[in-house]
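Structures follow.
Next come two complexes, and both contain chain A; in the first it sits with chain B, in the second with chain C.
Coming up: the complex of A and B.
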C-alpha cells in the first residue's frame, strides 16, 4: 500500500511539471462531463419519465456509474492503459521487481485530470438525492455507499479483464470499449429500462444491474427486500474471474514473449 | 518459431562474460529467460540455486538488469524519486539504502544530476542513473543489455570503468551484451557468441583474436628504397614517409620481417597495427554464416 501511495504522489508530481496543461485539461474535462449530463437533461424535456424512472432517479444512477468509472481512471489508470505497458515493454520491468504484478500495474499510471469527473459525479449525485423524496434510514444510506463501492469494483474488474486481452493481442483494440465505454453508457440508465435480454446480460455477464438497478429499487423504496440492498456485494464475486483471467494471460505472456 | 535453441553455458561467480551475436541472434531472449521474464518451452536454468521463472519475487532480488534501450526511470521527475520508490519495492532497509545510494552517487558521479527531472538529462547522464537504479538493492548478478548504446566516448569510458570496479570490488557476476566490441574487449575475458539462436563459440576472447587475426599492418618509416619479396608479405605500398605493409602472420612473423628488412634498409620508426576487433567479428559472422 505504501508503494501505491508513493507512486500516486510521484504521478501527481510528474503531472504538475506541466501545470498549465494540467489545469486546462482539468477544465476541459468539466465541459466533456457536462455534455453527458445535458443529454439526459435534454431527454427529459420531452419525457416525464423513462419506464417509470424520473429525471433525478436517472441522474442518481448516472452519477453512481460515473463515480466508479472515474475512480478507476484516476486510481487504476495503469490497468486502463495496460496496452501501453505491454507495447512499450514496461511490463518486462515489472516482472523484474519483487512485488505483486497487479499492484505494480496499479502503480504504473494514474490520471489526476479525471479527478474533475469524480468530483462532478459526486456533485450530481448530491443534487439528485436532494431532489428525490427518499424515506432515509440507516439501511438506505448504507446501500448508497455499497452502490458507490460496487461501481468502483465492477469497473476495476472490467478494466482488468480488458487488460488481460492485451496479453493475447498486444494492442488494446476497440473491442474492449464495448464493455467499458459502451457498458458504461448503458448503465448510466437504470438497467430495468432496457429489454429483458439486456437486463439478463447486465445481470449475469457483466453485473451492472447489481450496481445501479436492484439496489436503486431499494433506495427508492420500491421494494423492501433486503436482498436488493445487499446485492451490490455480489459484484465482488465478479472480481474472481477477472483476476484469474489476468493471471492466465500473464502465464501465456511469459511463454510467448513480446 | 524458435528464438533460441540448445543454448547451454555456465558462468562462475564473479565472472564478466560478453554475450555477443548479430541483431536478432537471441541475445535479448536469453537475457529475458535468465532474468525470469520469459519461461522457455523446455530446458533448465539454475542461477544462484534458483530457477528464474519459479519463485519470481525471491529470485529477482538477486539480480539487476539494465536495458540500454529502455528506461526504468520516471520521465518527468528526478531520478532520486525513482530511487526512493525502488527502496520500497525492494524493501531495502533505510540505512542500507542510504549507504548504497551514496556509494553509487560517488562512483557514477551523480551528485548534480540526481535532482533534475529525467527528461532533461543527456543520454549519458540518464544511463548512469539507470545503472544506479538497477544496483540499489545490491544484486549479486547483473545483466547489462547494451548499456553503452548511443553514449559518447567519455560516458562510455565512465560506464566501463564503473562496471570493472564493481566486478572487482563486489565480485558481481556480470553478463554483458553489446555491439560495441570495445566494450567487450575492455571488460570481458570470456565471450559467448551466439547466432541464429545457437551457441557458436564459448571461450576466451584472446584465443578468438589469435585465430582470426591473421593479418597485421606494419608501417616502416624510412628514406631508403625497399626491395623485398617474401611470401608472407601480402601487400606493399609506398607513401611519403615510408612503406605500408600487410603481413600474413601465419607465413611470416613480425620479428622475422623486421630482421629481414633491417638488413636491407635503415628503419627510422615502426608502427604495428592489429586487425580491428570489429573486422574479426565480421569475419566470424561470415564463417558461421550468421
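Coming up: the complex of A and C.
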C-alpha cells in the first residue's frame, strides 16, 4: 500500500511539471464531461420525468456512476491503460519484480487530470441531493456511502476484466467500450426504466443495478426493505470472477517480444 | 486538381483496408444505437408535452447518426496530420509544390468516406429489419430522400472544412489537446450527435442556428425523417453551401498565416 501511494505521488509530481498544460486539460475535461450531463438536462426540458424518476433523481443516480468511474480513472489508470503495458512489452518487466502484479499495474500509471471529473461528479451529487426532499436518517446516509463504495468497486472489476482481454488479443479494443461506456450510459438512468431483459442483465451479468438502482429505491423512500439498502455489498462478490479472469489470462500470456 | 484527387484516392483505398476495425466499429455502434434508443423509449413512454419529434422519427434519426458517425463526427481526429506537425514531418509537406490546405482537405475527406463506406450499409440493412420500436424507417418521401442525399454531401464538405481547421490551429499551439479539444466538444454537442437539435432548450437552438455545426448532420437527418419541410430543407442546403465556402476561405487564410510562424520539430 505504501508503494502505491508513493508511486501516486510521483505521478502527480510528474504531471505538475507541465503546470499550464495540466490546468488547461483539467478545465477542458470539465467541459467534456459536461456533455454527459447535457443529455439529461436537455431531455428533461421536454419531458417531466422518466418512468416516474425526476431530473434530480436521475442526476443523483448518474453522479454515483460517474464517481466510481472517474475514481478508477484517476487511481487505477494503470489497469485502464493496460493495453499499453502489453503492446509495448512493459508487462514483462513487471513480471520480473517480486511484488503483487495487480499492485504493480496499479502503480504503473495515474491520471490526475481526470480528477476534474471526480470533483464534477461530487458537485452534481451534492446539487442533486439538495434538490431532493429525502427524509434523512442514519441508514440512508450509510446507503449512499455504500453506493459510492460499490461504484468504485464495480468499475475496478470491469477495468480488470477489460484488461484481461488484452492477454488474448490487442485487436478490436473498442469492443470493450461496449461494456464500460455502453453499460455506463445505461446505468446513468435508474435501470428500472428499461425493459426487463436489461434489468436482469444489469443485475446478474454486470451488476450495475446493485450500485445505483436498488439502493436508490431505498434512499428515495420507494421501499423500506433493508435488503435494498445493503444490496451494494453484493458488488464485492463481483470482484472475485474479475480477479480470477485476470490471473487466468496471465497464465496464458505470451509476451509480444522486443 | 488531379494531384488532389490522387490524395483522395490514396486515402480512400488505404482506408478501405481496415475491415476488421470496421466490424468492431459496427458492433459498437449497433449496441450504442440500441442503448440511446432505449433511453428515448423510456422517456416517450412516460409522456411529455409538445414533443418536437415523434418516437419513430427519433429512432430513425439515431440510427442514421450511428450509421454515418464515421463521416460526421468531430471527435475522431486525423492523428496522422497531428503527428506531422508535432514530429516535424510537416517540412516534407511544405516542400511539395501544391497547396497544403487542399492536400489536407482531400486526405481527410478520403479517410472519412472510406471509414463510412465500410460501416453504414450493414448497419442500415440490419436496423431496417428490426421490429417496432427499433425499426429504421424509410424516408418520408422520395423528394425528401433526394434532398437528404444532397444535404449529406454538403454536410461532408462542411465537416471536412471544420476538421482541417484543427491541425491548422495546432500549427500554432503545438498541442492538439487544450483549445482544439474544447472546440471539438462544443462542436459535437451542437451538431446533434449527443441529442437531436429540436430537443435543445430554446435559447441554445437560437445560438446553434448561427453556427455551422448543426448543418453537418442534424439537417440532413431531419430532412430524411421528414422533420424539416422541403422548402426549409432547400434553404438549409443554401446555408450549408455558404458555410462551406466561408470555412474553406477562412481555413486557407489561417493556414497561410500560421505557416509563416511554423516551427519544425525534430531533425
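Definition applied: the second predicted complex is superposed on the first by the 251 of 258 C-alpha atoms of A that agree within 3 Å, B and C clash if a C-alpha of one lies under 4 Å from a C-alpha of the other, contacts with A are read in each partner's own complex, and residues count from 1 in each chain.
Basically, a contact is a pair of C-beta atoms (placed from the backbone, for glycine too) under 8 Å apart; a residue touches a chain by one contact, two chains touch by 3 or more.
Fair warning: this is a prediction, and the values are worked out from it, not measured in the lab.
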Based on the superposed arrangement, let me know which partner A:24 touches: chain B (first), chain C (second), both, or neither?
second
First (chain B), second (chain C), both or neither: which does A:96 touch?
first
Just checking: does A:1 make contact with chain B only, chain C only, both, or neither of them? Give me first, second, both or neither.
neither
Comparing the two partners chain B and chain C, which touches a greater set of residues in chain A:
C
What is the contact status of A:38 with respect to chain B (first) and chain C (second): first, second, both, or neither?
second
Which chain A residues come up in both lists, the one for chain B and the one for chain C?
none
Of all residues in chain B, which touch chain A in the complex?
3, 29, 32, 35-39, 41, 53, 56-58, 60-61, 63, 65, 67, 70, 72, 74-77, 81-82, 84-85, 88-91, 117
Chain A to chain B touching residues, read off their complex:
2-3, 6-7, 10, 13-15, 17-18, 88-90, 92-93, 95-99, 104, 254-255, 257
Complex contact set, residues of chain C against chain A
20-21, 23-25, 27-28, 31-32, 35-36, 38-39, 42-43, 45-49, 51-52, 175, 177-178, 181-182, 185-186, 188-189, 194-195, 199-201, 204
Residue numbers on chain A that touch chain C, as the complex places them
21, 24-25, 28, 31-32, 35, 38-39, 42-43, 45-52, 171-172, 174-175, 177-178, 182, 185-186, 189, 193-195, 198
